[in-house]
Every structure is written in structure tokens, then in C-alpha cells.
Amino acid sequence: MNRIDLFLSEREVARVCRAIRESGAPGYSVMRHVTGMGVGGAIDEAMDFSGLGANAHVIVFCEPELLPKLRSLVGPLMRRYGGVGFVSQAEPF
Amino acid sequence: MNRIDLFLSEREVARVCRAIRESGAPGYSVMRHVTGMGVGGAIDEAMDFSGLGANAHVIVFCEPELLPKLRSLVGPLMRRYGGVGFVSQAEPF
Amino acid sequence: MNRIDLFLSEREVARVCRAIRESGAPGYSVMRHVTGMGVGGAIDEAMDFSGLGANAHVIVFCEPELLPKLRSLVGPLMRRYGGVGFVSQAEPF
Amino acid sequence: MQSNLVLQNLLSAPVLFFFLGILGVLLGSDLELPTPLPKLFSLYLLLAIGFKGGMELAQSGLGSQVLLTIGAAVAMSLLVPLSSFLMLRTRLDTYNAAATAAAYGSISAVTFITAQSFLNVLAVEFDGFMVAALALMESPAIVVGVLLARLTAPRDEGEGETLQWREVLQEAFLNGSIFLLVGSLVIGFVVASFSPAGLEKMDPFTEKLFYGALCFFLLDMGIVAAQRLKDLRQAGSFLIAFAILAPLLHAAAGLAIARVLGLPQGDALLFMVLCASASYIAVPAAMRMTVPQANPSFYISSALGVTFPFNVVVGIPLYMLLVQRLIPSAP
Amino acid sequence: MQSNLVLQNLLSAPVLFFFLGILGVLLGSDLELPTPLPKLFSLYLLLAIGFKGGMELAQSGLGSQVLLTIGAAVAMSLLVPLSSFLMLRTRLDTYNAAATAAAYGSISAVTFITAQSFLNVLAVEFDGFMVAALALMESPAIVVGVLLARLTAPRDEGEGETLQWREVLQEAFLNGSIFLLVGSLVIGFVVASFSPAGLEKMDPFTEKLFYGALCFFLLDMGIVAAQRLKDLRQAGSFLIAFAILAPLLHAAAGLAIARVLGLPQGDALLFMVLCASASYIAVPAAMRMTVPQANPSFYISSALGVTFPFNVVVGIPLYMLLVQRLIPSAP
Amino acid sequence: MQSNLVLQNLLSAPVLFFFLGILGVLLGSDLELPTPLPKLFSLYLLLAIGFKGGMELAQSGLGSQVLLTIGAAVAMSLLVPLSSFLMLRTRLDTYNAAATAAAYGSISAVTFITAQSFLNVLAVEFDGFMVAALALMESPAIVVGVLLARLTAPRDEGEGETLQWREVLQEAFLNGSIFLLVGSLVIGFVVASFSPAGLEKMDPFTEKLFYGALCFFLLDMGIVAAQRLKDLRQAGSFLIAFAILAPLLHAAAGLAIARVLGLPQGDALLFMVLCASASYIAVPAAMRMTVPQANPSFYISSALGVTFPFNVVVGIPLYMLLVQRLIPSAP
């Protein structure tokens, strides 16, 4: 099966999770308070008090058949708001 | 070597870590405050004040030979309390 | 492409991130407040108030060509201060 | 007079902040108290209420009235889970019925504190030893809940699991919030008895700050309770009905006992509130570990999403109305 | 007298703690307030200032002076983004210009609070209803900012995206900090009007604790502002110049309006500060969602890294100097 | 009288909450203050004690007695690491000996604060300038510790690493907690000297709240100290013995110096406590970076798991007893 790792702003995480649920994925996990760097520059937690938040790391384990649907639902959000994603292989434990 | 990713309730994390230590794994890492969704429904941090907690993400890197032992020690806990696990491939850095 | 997972003390995370930026990696993500166990014993958050901190989990997705540079810049820091690293395979989402 | 009581409750700062939290969720505001700030307020309130209760207990002493009241409270925390279980079992499986029954046998410290604030505003006196009753009602309800789940569970499901008493007692007596409440009670008692100079120095922290911190925490409780309302659909109308009828029933029982014990008006209200409220702090955390087969969203959403707002908004003034009618006021 | 005002501001505890935070970053100290402690202080200050403002609003009533002042404040929060946009558009693209304009039309609650503390030290009175003006200046600026971005954006970039009013209004009116401030204002008003007994019980929390909590938060704001200074190189000298000239310009406009409205000295200073300050709490959070094309480090580093320290350190005493010259003191 | 002193300490609220935390760990309760709440209390206590100390320093002035006392304190923070290193080196490697020596040369602010509370209860006066001594004892001990590690380390291990003074000085002088303490001291001094109106407004935050916040933090310190006890087995009996004998020895040296300096009873106790206490905040954080070869569980578990509880529970009343015997009380 596939493992999808998404990194995006905490502010968008609710929308992305909605898209993942719509895609029919069996589940997902979210880690907030992620800092980092990407093409959009460095992200830290210093503005957290303003509600701006840092990044979130979203992990989805799902069957490969689901990938296209996930891409079509999550992709536009990430193009609009920024963020990156990666896919790798995994098996149930 | 193998990478094992476990997602389970924070309340059970101490027991699962004990089981991992018993299995003889060389180490593990735990991230708390993980939210998400699975067959058991959505998990958030809203009840954290009650001591109920959210999920934890436990990562173990170990040799493949350890997998059966890990499964036999961690599996029963996850069947009783819920949670999911996945295995993938990795190498030392 | 490669996925690199590093686990090291929060106190060193700023130096390691500087090294990653120097290596020319396109980005990285950092999760703090990671607890765990390794050859250096158990690490928890209890001493966080003292500024000692727990562990951090640093993730870098990059092309395999970058690995040697990353190893040469990050390796010495991890040998000095402790920590472990793992490499696996991934593709863009 | 009646509407006056209801209004005085509704227009008090704590209840208004509770409404503000609910409103925020209903309108879709992103207002939230991030983790672990709610825990900070929750620990603070337990520490402060325990300390003040212990202090007043030291001043009032452990007379027979005190012991009788506390005894009656503990008895209620044993009986309420039993009767609740019978009601709940008609529709829920044994695990969910047992876990929910435990929640209703136990108490909600925040509801209790809100009732105390309400009495303060009405200038009705109450005794510090009621906090001791509060502190002692959590553990028995948890133990009864676990026993109910284990004794009535289908044989084959046990898979040879034996009841792990150690674990159950630990969850019932050493749960962080119970332990802090009881511990602070004892410390308040000891300090008041042996080094009363310390009381005055604690006062700004445990007493002066209390009301504002309660408002802040109730803001968060409003948010959390409103979020829980969504889960209610899953729980179904039976559980919603139970979550409103149970507090009324238990308050009535509490009123009868308070009358028999001859409690003054303030204590009678607090006794009713203890009986009528349901736990969403200690019990869920304990049930998650000891009865993992039960679905937490059932017992949390009924206790926190329905019974808690019901008690805070409608229950407390309603119970006070009954107290004023049926409990003779102090001469 | 002049240097006296500046010194009295510079040597006050809140401003000194602000400097301490800046100094820590400049020297390379690892001093920080970890997440979510800054949020705790930020929520606390909003709750406390809202509650106190509402309370005083209830006492002063909603006379025509009050309504006129609030109306003028709202008008400024609509006009300032327009004029700022015109200035900013000369150098920035439409998205960054619109988002930055929104920040300058909105307000900084912490700057306002610091000005109140300054007035307290000078023993100059001010009215509670100014908090209502504060609370009502955030949402309009956000709406104008979004409209500017949408109306002036190149057609082809919209990709058929229609303006999602629901989202914009949600960000403008239900943003957590705006919602808490307005909600606390209403609660303070209601409690003061209907159950004034509650006011005294809130006092230790909302009033007594306030000054110290402000110091603590300003320590953190100093750290965050100094960290932002690094981003300024990226933003460029045009934005730095704007971030210093805009508050001066807007303060001058505010002074003129205050004179026309006949505001007393204290209120005049607060009105100037509302005009001169720029938002780094509600607006960035709203712009991130509604104008994601803009680079947050532009509007945050100018509002928080330059305008905020400028106002707190230099602006407030400077504006007060002008007030003392141009606004007749109360008889 | 003697047992009275011990009891008065044991039955005070701060020490009782410390015990409650220890008890929770021993019994297996899940009571904890989640991250970053302990840091909130730790930062608060440093800010408050620094501010109050600076304020009192401004009132007392910098007379020769003040400067002599502070000088003696700094001298102790240089000498204690040297003597401790010699003792520790008999059993530990050079890195662990140096890091542990640094901890014992430095101070524990919480122990100091607890001693101040104890003096308050006894109604024994003490001077604010002792906080300056506290603030100035951390950095020298860290520098000495690093020097010891570098100068005595086997040549070949250095791998050509040169002593990075910049890093060492940063850890010694700009460590967050040291920086906040010294900064708050300076701010308290400045405010008291130049705008004393601000003192009264800080009072509810820095003074009134202090005792309760100390209790809350000591609850957490009890939990953390008890958890550390488990690591002690690893550290071994030599380190445990050192962790009890060192405070006694250093307190005795402190007593002798206090007598020579002619300090009054309250200041003498605080001086002894500064000498006797060991750092588990600034020093571990600094040693982790500058002497990474040392095992943190050694110096943390001895300073926090043994010396800290020893001083808080037994040491303070014991030292007070000696003070009462050997230091003439003020006429």
C-alpha cells in the first residue's frame, strides 16, 4: 500500500483533511506544530499566538488505487495555499 | 532494515513502549498530540484537559528479524485498545 | 528521491538545520517534543522547563545525489551530540 | 422570583463566557484554547477548590453532620451507577451502559464550582466540607462502573482476561485529577491546622483569581461542549433523553437526602448538583483504559455535550428554586 | 517636559520588558516563551480589555459622543486601507499591497493597551468606550483588504474563482481574537448592566493582574518583533519607510479627527494610536486564507517588526506630546 | 524549637505540594503538568524574583556590604566547582566530574525562593540584594565547569577542536533563564529608581501571586525530582553521597563567610542556601551543549533528584537552626 506525507500550513489542515475524507481514504493522522523550510521560505512557531500557526504533517496510508482521487482533491488546495507531498511504499504491520 | 509506524491512543503509549523495549528493539521515538481519523472515528485534542489525550505516533527502526517478536508483543495491545501499524523499508543514514 | 529521518536532541536542532540548508537540500521539516529511547537512554519532556528539551524529528526529502553532502555536514554533529538517522525511498505526490 | 434566579444565573460572567464558547462553535469561529491551556485551568481549579475546601474543613471540623453528609454522597456515587446502568442497559450494550453509568455516578467539579459561584452571588452560605464529598464521589463510581462491565460482560469475550484490580484501583484513586483534588484538600486541611500563616499568602492565588479563571475555563468548556453536540447524532435520542432526565432524577434524590440530613440551603443545592452532574474528566480517562470496548463518544458527549450545559444553564437555578421551596432557610 | 514624556514611557516596566525581549534576540539568547504561552497571554489580554471596556461602556452609556467616536473609528478602518493601498501599489504587487493595507487599516490591541498603561502612569483619564472602537476596527479593514485584492487582481489569475463571501466574512468577523474581544466586550456590558456583583469578583483577574501580564507578553512581543527584523531585508527599504511613515500619517489624521470630535486628551491619544497601529494578529491570520498569494513575511514584518516597536517606543510619547499641544485639557 | 523549625517547613504549603508531587510518582498516579506549563511557572518565578530583587536593590542601594556579599557569592561560584571537581574526579571521568561540579557551583532559584518563603513565615527579614547574588552565581560556575572539562580532557579526544569561547560565553551569560533573571533584576532596579508608580501596578503579579505559583511549580518539581530518583541507580551510591554531603559542606562554608561578612540572620540563611544548592535549570542546558560527553542523567539526577529535595525538606530548616545558633540576631 502507499504512504502519503503532506506538509502544509496549519491553517489549511482542516480543508485538506476534509478532502482526504472525501477521497474515501480509510484514515489519516495529523501532526501540528511542525516547523521547516521550503520554497515558501522558513516557517516557525513564533506567530502562533496570532492564529497563523506553523505547518502540519499529514500522513495517509491507503491503497494505490486511491492515489488519483487523493491527488485530484488535495492537489488544488496545495497549489493554492502551498505545501509539498511525497509518496512511498508500506505494508500493514 | 524496517521502519514501523504505529498510531494509537496517548493513554496506551506507555504500555506499547514497554512492549517495544521488551521486544529488544534498539530504540523508538514517540510523537504525541497526533490527531486523526480511523475506523474508531475522529480523534482530536479537545479532551486533552481530561487526561484522555489524542493519539501518539510511535516509530521504530529495527532489523526485520525483530518484526515477529514486535508483532506478538504489540499486536494484542493494539487489538484491545485500537490503533493501526505499518511497515516499510529503510537504511541507516 | 530519498527521505531522510533524523532523531536528535532539540538543543542541536538549529545547528543541524543550518547544516541541511548548507547542503543545498530543497527543504526540511522539524517536529519537536519527540520522546524516545536509543543507545543514549530514555529521553522525556520532564526537563523541558530547564531548556534542555526532548528530541526533535527532522525530515528531509531530497534527490539521492545530495546524500553524500548531507552526510558530511550532518554526520559530525550527530557524532558529537548523539542522535540517529535513516534513509528510505519516496516519490513526489 | 423564579425567573429572577434563572436570569441571575444566565447573566453571570461564567455562564456568559460558557455561552460565548458555544456561540463561537455554532458560528464557525476558530476561537480555541490550544492544548495544554485547558489543562492548566483545570488543574488550577482542582488545586484551588481542594485547598479552599480543606481549609474550611479544618475550620468546621469533622462533626457527625459532616461525616453523615459525606457518607450519603459516597452512597449516592455507588447507587447512581447501578440505577443508571439498569436504565441504560435497555438500549445500550453492557460496556457502553457501564461506562456511561460510571460517568453519572461521578461528579463534575466545574458544575460544582459554578453552583458555588451562583450561591456567592445570591449571598447564600455553604460549607467547605462539601468539597470533601465532591472529592470522594469519583473513585467509587469508577469502581462500580468497571465491576458492572466485567460482571455483566458475555463470558467468551473475556478471552481469559482476569479483572486487573491493580489497574482499576489505580485509575479510580490515582487518576491525576482525583489525586490532585484529594491531595490539595489534605494540604489545605494541614496548612489551616498547623501553619495558618500560609493561608493568607495562598489567598490571592486560590481565592482572588478563582472567578476569572473559572470564566476562562468555561469559555473553553463551551467550545468543547458544543463540539460534542455533533457526536450526539451518533449517540441517538435515547442517550440525549437520558442525559437530561438523569440529572433531574438524581437531583430530586439528592434533594430528598438533603432534607433528611437537615442540610442548610446552600449545602442542599451543592448536594443536588453533585448527584445531578456527570463526570467528563476523571471517568472518561479511567473508562478508556478499563473498559476500552465502550465508545468514548457516547459517554463523553452525553455527560459533556448535554448534561453539563443543562446543569450549568437550567439545572442550577432550577434546583435552587426547589431548595428555596423545600429546604427551610437558616433561622 | 517632552523628554520627560519619552523617558516616562521608555522607563516603564512594559516597555523595558519589550526591550529585554529585543535585546535577547540581538545578543543571541535562547530566551523564548514556548507555544502556546504567548497565545495564553494574548487571549487573556483580549478577554480582560474587552470585559473592562464593556463594563465601562455600560457605565458611560451610548451617548452621541460615543457613537460618533466609534463611527469615526470605523470610517478610518475603511479609509486607511484604501489610501495605504494606493501608496503601497506603487512598489508592491496587488496582493501584497492589499494585504499590507488591511493590516494598517486594522489595529494592534497591544499597542492600545500599552498606550492605556502610559495614560495611567501620567494619570490622564480615558473612556472605556474606546475599546469598542478598537473592537470594531478590525473586521472592516479585513473586508476592504480582500475586496482590494479581488477587484484589482489580473483577470486570468482568478481561474474562475468567485469571491467566497462566506469565507471572507468568517475570517473578518469570526476570527478567534476578534470574536473573543467583541464577545468579552458584550459580556462586560451585560454583567455591568444586570449583575454588577460579578464585577468585583472579576477585578483581581481582569484588572489587578493586567499590568504584569502585559509585561510578560511584551517580553515575548519583543522577541518576536526582533526576529521579524531579519525578514525586513527581504521586504526592502520601501516597506520599512512605509512602516514608519504610515503610523505618523495616520496618527496625524487621527489627531485632526479627535480635535473635530472634541475628544478629551486621553481619548484623543487612544484614537491616534488606533489609527497609527497596524494589526499582526487578526489580519495576518485572515489574509493567509483569503489572499494566499501575498507573502506573509511582508505584512507581518512591517506591522510587527517596524510599526509596532515604533509606536510602542517612540510613537506613543510623540503622539501624547502632540495631544498636549493641540487638544485642550479638560477644565 | 528545633523540631518546630523543621515542622514549620514541612507543614508549609509549598513543601506539602512538593511532597504531593513525589507521592504521585511513587504511587503511580498519572498526575503531570504537561509541557510547557512548567516552563511558564519557571519563567514567571524568575521574572518575579528578579523584578522584586531589583526593586529592593534600588531601595537599599549598592553599599559596601552589598558589594562585599555579592563578591563573596561570586567567589563561591568559582571555588565550589573547583573543590567539587576534585572530589568527583576520584570516581567519575573528567567530563562528568566537570559538568556535575558546575551544577554545584551554580544555584537553584527555586530552593532560594523556598527559603525566602520560609523566612517570611518565620517573620525573619532579608535583603533584596541577595537576589543579585543569586543572579551572578550562575555564569561563573558554568565557565569554570567548561574550562575544567577542556583543560583536563585527554589530548587525543579533542580532535583538533578548539575551545569555542563564543559558544561557552553564550551558554553562560545568555542562557534564557539567566538572561531573564538578570534582565528582570535590572528592570526592577530601573523602574524603582525612575518610575516608582509602576511598582504598585506590578505588585499583584509579581508579589501577590507568587506564593501560589510557587506551590504549583513545586508540585511539578516534586514529580520531576521523583522521576529522577529512578536514574539514581545508574548514577551510583558515590554520586548520591556527594549530593547530600556537598550541600552540607557548602552550607557550612557559606555560614562561615556570612559570619565574617556580618550578615544578618535572614541574609545568612539565603547565602548558605545559595552555596548549598545546585543548578538543574541553567547548568544542564549549558553543559548539554558545551560538554556533550557528560551524561546529563548524572548531573541532573544528583542536583534535582537528591540535592534539591534534601535542601527543600531538610536543609533549609537545618541551616536556619545553625544560623540561629551562630549568627547574632539583629538588635
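In this document, chain identifiers A, B, C, D, E and F correspond to the written order of the chains, with residue numbering beginning at 1 in each.
One rule holds for everything that comes next: a residue touches a chain if its C-beta (ideal position, glycine included) is under 8 Å from a C-beta of that chain, and two chains touch if they have at least 3 such contacts.
Owing to the predicted nature of the structure, the values given are computational and were not obtained by experimental measurement.
Enquirer: Under the touch criterion given at the top, what is the topological distance in steps from chain C to chain D?
Expert: Contact-graph shortest path, chain C to chain D, evaluates to 2.
Enquirer: With chain centres defined as C-alpha means, what is the inter-centre distance between chain A and chain F in Å?
Expert: The computed centroid separation for chain A versus chain F comes out at 45 Å.
Enquirer: When the centre of a chain is set as the mean of its C-alpha atoms, what distance in Å lies between chain B and chain F?
Expert: Spacing between the chain centres: roughly 39 Å.
Enquirer: Distance-wise, how many Å sit between the C-alpha centres of chain A and chain B, to the nearest whole number?
Expert: Once rounded, the distance between the two centres reads 20 Å.
Enquirer: Hunt down the residues of chain D that sit against at least two other chains at once, touch-wise.
Expert: 30, 34-36, 39-40, 175-177, 204, 208-209
Enquirer: Would you pick out the residues of chain C that each touch at least 2 other chains?
Expert: Each of 31, 33, 48, 51, 88-89 in chain C touches at least two other chains.
Enquirer: Where do chains touch, given as pairs?
Expert: Contacting pairs: A-B, A-C, A-E, B-C, B-D, C-F, D-E, D-F, E-F.
Enquirer: Looking at the complex, which residues from chain D come into contact with chain E?
Expert: 7-8, 11-13, 16-17, 20, 23-24, 27-35, 37, 40, 117, 120-121, 204, 208-209, 211-213, 215-216, 219
Enquirer: Mind pulling up the chain F residues that touch chain E in the complex?
Expert: 35-36, 39-40, 43-44, 47, 51, 170, 174-177, 179-180, 183-184, 187, 190-191, 194-195, 197-198, 201-202, 204-206, 208-209, 285
Enquirer: Under the stated contact criterion, what part of chain C meets chain B in this complex?
Expert: Listed in rising order, the residues are 4-7, 31, 33-39, 55, 57, 71, 74, 84-89.
Enquirer: Chain C touches which residues of chain B in the complex?
Expert: For this pair, the touching residues of chain B are 1, 3, 17, 21, 26-33, 59, 61, 88-93.
Enquirer: Which residues of chain B touch chain D in their complex?
Expert: Touching chain D: residues 9, 11-12, 33, 41, 44-52, 80-82 of chain B.
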